[in-house]
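First chain A sits with chain B, and in the next complex the same chain sits with chain C.
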Partner chain A sequence: MAVTERNLQLLAAALALPGVMPSAHAQSAPDKGIFELQYLSYRDWQPGRNRMSVDAPACYALIPLSDTWVVEGGMVYDAMSGASPLYFNVLSGASIGDYRTAGDLKVTKYMGDWAYSVGGFVSSEQDFLSRGGSLNLQFFSDDRNRTWLVGVAGTNDRINATNGVAPNSERNSWEFVVGVTQALTPNDIVQSNLTFYSGHGYYSDPYKPLDTRPSTRDTYAWLTRYNHYFVDADATLKIGYRLLFDSFGDTSNTFEASWAQALPWGFVVTPALRFYTQTSADFYMNPPFPSGFVEGQNYSADTRLASFGAITAGAMVSKTVWDGWNVSLRADYYRQDPDWQVFGSGSPGIQTFSARWFQVNLSKNF
Partner chain B sequence: MRLFRQTFRAMAGEHELQLAHHDIAVARRAAAAAIADVKRIEAKYSRYLADSVTSRINAAAGRDAVAIDTETAALLRYAEQCFALSEGLFDITSGVLRRVWDFKADPPRLPTASELASVVQLVGWSRVEWADNAIRLPQAGMEIDFGGIGKEYAADRVATVCLEHGLRHGLVNLSGDVRAIGPQPDGSPWRVGIRHPRAQGAAIAGFDLAAGALATSGDYERYFDVAGTRYCHILNPATGMPVAHWQSVSVVSPLCVVAGSCATIAMLLEDKGAAFLDAQGVQWLGVAADGSLAGPAA
Partner chain C sequence: MRVVAIAVFTCVLASCAIEPPKPWEKGNLAKPEMQFDYDRLDTKTQQHIYTSKEGATGGYGVGGGGCGCN
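And then the complex of A and B:
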């Protein structure tokens, strides 16, 4: 209809004017830097005993070098102590006292309607060294409301268990990701990613007797997230779902939701809930250990590969303290229970497992 | 949520921002960035500043092409659409007509026919040679100006700057060109009054604005009255004479730049203005020469 066409002509010409409508989304290089300090405290336990604790200070910085170059990187230092996590009571002998140091660095170059990032990371423990690199390409639509992501990452892990099992073991993996992020309205944004991981090498746990896992592993994961900003409530709802198939035989589903509510005086309170459920790996055997073990076949009694469900409930309180500074406190409680498996039945004979996190974060935008 | 108000002067007008945010520092930062952008647009396009883009283009009239950036090209493309949709009446080269219309003259003096003819022959957007990267005015004495677009465009950009700072509630008022960033903090729309064209300080009507923009074009901004006839600053580019059909036209549109140009085009189209606005599908209110109200919002 002529009326509509004429109307659209004027509005379309106006929408071509730069900056008359927000693009909902950062697609040009960030023009602000970020510096962040964080401290994480983790404890887990099973009925009647404390298991592992981790204290991890970390820092992160993002620095725009120019209008089109951005460099970002982080460091984390973990100090772990306690029994090996998520392991059978009857086997919980080995006590862990270990330190991990890890760092990563990524450089991004913005080329107008696309950008590329090159990154590297390294993580080092007494018995484990992991190194890798990544290459990501992002493509931005003309209206800057859509971003396509294509990425590849390669990782090399070297395992030298302190007990001498499987010395100088190694595994190598590739990970490929394809994703899209779409701003539907100024208040709605949806993201969907497909990830394919393929690895080869040593996947067993050298500290768990008889643990023998396949030497190849492929996983397929589909992650979708949706954020909606409620103007009247001044709050953001974030929901997400991930489905993951693992060639080890297990399948997991993750559902999560959080509500970030802005309050007076610069406070933001964010309660969050996550539900996770997984089926067991093909070679996972129920207790009592070592029932089901057959020489020459894959075998694991690691309860991380069992069938269970888990709930994480937490809340974060953050506050803008003064110009550009933000402080946040976060607490999470995790509980894993075989009875909470929803797609099939949970693994029998394993105990519930609980954990909690406290996290303090101080960040500065400059 | 707290309301932060800031008034400021730019583009020869008095403007006001009303911004609501639970962190007043965020609103203050957004206002500072928004005002800086308004002043940037003023410095870039004001015809009163010798080193503005507009002045450089005008100074080269009849001679060289002047290189332009993408923002200027986008504004020219928009002006071209307005020209096409207004049957040539919305013409950004018509500012030369001001040379023979001095609305500050006391006593008022109407231009002579030969004076009008001398400036009308300098008007003509269709003769301007332009592309995405350059523009050339073909005749010495020709001028362009972004007077009918620039302030409304600035109002839209102010809203964007505020949205990008995380604001969701606020009202931008660039001396009567209004754009809502979002509703009032309690969720209710802003109540925006339409100035009475013949009674300064009085409102003739009001619009509820939770989003989008409202702009008004009227015969009361610069004018003189001679023998009971109103001669206003909105001039027909073909005749050089003021329009007379409307005292004012107010338009609501998602964008202030569209609301503003629709209102001006309706003023210029005179008795065909109502049909134009209805065809655009916009909400509008006109005050006719006899003071009666017209339009879907009347």
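And then the complex of A and C:
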């Protein structure tokens, strides 16, 4: 079809409308910055016994430096206290107190039909230091309805457990991602990513007796997400699925769904559900401890490597208050139960595990 | 599990046949709720919680950094 002067004028007029300039899949440099503050209050427990509590203030900022340069970064401080399991559901007697400080910074340059991002990150605890960098490339289709993503990240972790087990240990890993985001209709968008992780080094938990894990780890993850906007209801359905294979032997399935409902006076209410299920790692052994342990072979009694299912039910309420300011409150309840493993049988002899967290966010667009 | 994976993959492929939007039809796609990981701080926080409590980790992109929690 020939493009007439009239068509071009209509197109220019349409693009000039607020909200029409496409940013749905970040294929052009954002023209607005974001500054956000967050506070998280987390607590978990098992039957009859509290475990960990975490308070975590965090911040994030995205700043367009020009029409083609964007810088973004964040920081978080986790203050942790409580008790963690030595093996299965047997907790350490002493109360643990630790903190984690983490930060990341990423710079993105938009080049027209493609963009590149270079990032760095660091996470520091009393007994753990993680550092790394990433490079991501995005390629945009001519109609800006499709974005291809190719990315790589390298990470170095150093472990120095306070109990002296395995001093000066480290592990190194690479992660690769290939993905595509496609706008299907004016109200539908889908994203699918394949991620490969490969690491080598110390993967055991130094605080769990006899814990001995393989020195290499590979994971393959396939994540697909889909959003649909219901015009009449002014609501968005968001669903997602992740399939993950781990060379430790466990396979996991994650299903997520949420419904973001716009309401009068700038409120948005988003109830959400998540279902997760995993099979056990090859070297996870059932209770009693240390049944199944053989000197020189891999062994773990960490219930996070057991076979179980987990459900999260949560909701978020957000409101645009004034002049680009937005406030949101979030509450989630989480529960792990070996009886909720649906792709096989759950691990016997372990207790349920529960957690709840509250989160408040305050953000400003500028 | 394999059936679920095939079903989702088929849906994705089938969806690709749908006609994509014109430039002036992207107003709804630009809404914050329609974007993946619009609130990156919130997304990162949720993923960190699950990483520390479950065996599986990753799949949501690269470059997030490690932690001593898993």
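Quick note on the criterion: the second predicted complex is superposed on the first by the 332 of 366 C-alpha atoms of A that agree within 3 Å, B and C clash if a C-alpha of one lies under 4 Å from a C-alpha of the other, contacts with A are read in each partner's own complex, and residues count from 1 in each chain.
By definition in this document, a residue touches a chain if its C-beta (ideal position, glycine included) is under 8 Å from a C-beta of that chain, and two chains touch if they have at least 3 such contacts.
Predicted model only: the values in this text are computed from it and were never measured.
When the two structures are overlaid on chain A, which partner does A:D55 contact: first (chain B), second (chain C), both, or neither?
Touch partners of A:D55: none, neither chain B nor chain C.
Would you sort A:S123 into first (chain B), second (chain C), both or neither based on which partner it touches?
Touch partner of A:S123: chain C, not chain B.
Considering only touches as defined above, state whether A:V231 meets chain B (first), chain C (second), both or neither.
both
Quick check on the superposed pair: does A:G266 touch chain B, chain C, both, or neither? Answer first, second, both or neither.
first
Could you say whether A:P186 touches chain B, chain C, both of them, or neither, answering first, second, both or neither?
In the superposition, A:P186 contacts both chain B and chain C.
Quick check on the superposed pair: does A:D282 touch chain B, chain C, both, or neither? Answer first, second, both or neither.
Once the two structures are laid over each other on A, A:D282 reaches no partner at all.
Under the stated touch criterion, which partner chain does A:D323 make contact with: chain B (first), chain C (second), both, or neither?
first
I want to verify the contact counts: of chain B and chain C, which reaches more residues of chain A?
Larger number of chain A residues touched: C.
Between chain B and chain C, which residues of chain A are contacted by each of them?
Looking at chain A, the two contact sets intersect at 10-11, 14-15, 17, 19-22, 186, 229, 231, 262.
Going by the contact rule at the top, pick out the chain C residues touching chain A in the complex.
For this pair, the touching residues of chain C are 1, 4-5, 8-9, 11-12, 15-16, 18-21, 23-31, 33-36, 39-42, 44-45, 49-50, 53-68, 70.
Okay, in this complex, where on chain B does chain A touch?
1-2, 22-23, 25-26, 37, 70-71, 74-75, 77-78, 80-82, 84-85, 153, 156-157, 160-161, 163-164, 168-169, 182-183, 187, 253-255, 257-258, 261-262, 279-282
Would you mind writing out the residues of chain A in touch with chain C in their complex?
10-11, 14-15, 17, 19-26, 36, 38, 40, 42, 44, 56, 58-60, 72, 74, 76, 100, 102, 104, 106, 119, 121-123, 125, 127-128, 130-134, 136, 143-146, 151-153, 155, 157, 159, 173, 175-177, 181-193, 195, 197, 219, 221-227, 229, 231, 236, 238, 241-244, 246, 248, 250-254, 260, 262, 268, 270, 276, 278, 281, 304-305, 310, 330, 334, 336, 343, 353, 355, 357, 359, 361, 363
Give every residue of chain A touching chain B within the complex, in rising order.
These residues of chain A touch chain B: 2-4, 6-7, 9-11, 13-22, 186, 229, 231-232, 234, 262-267, 320, 322-323.
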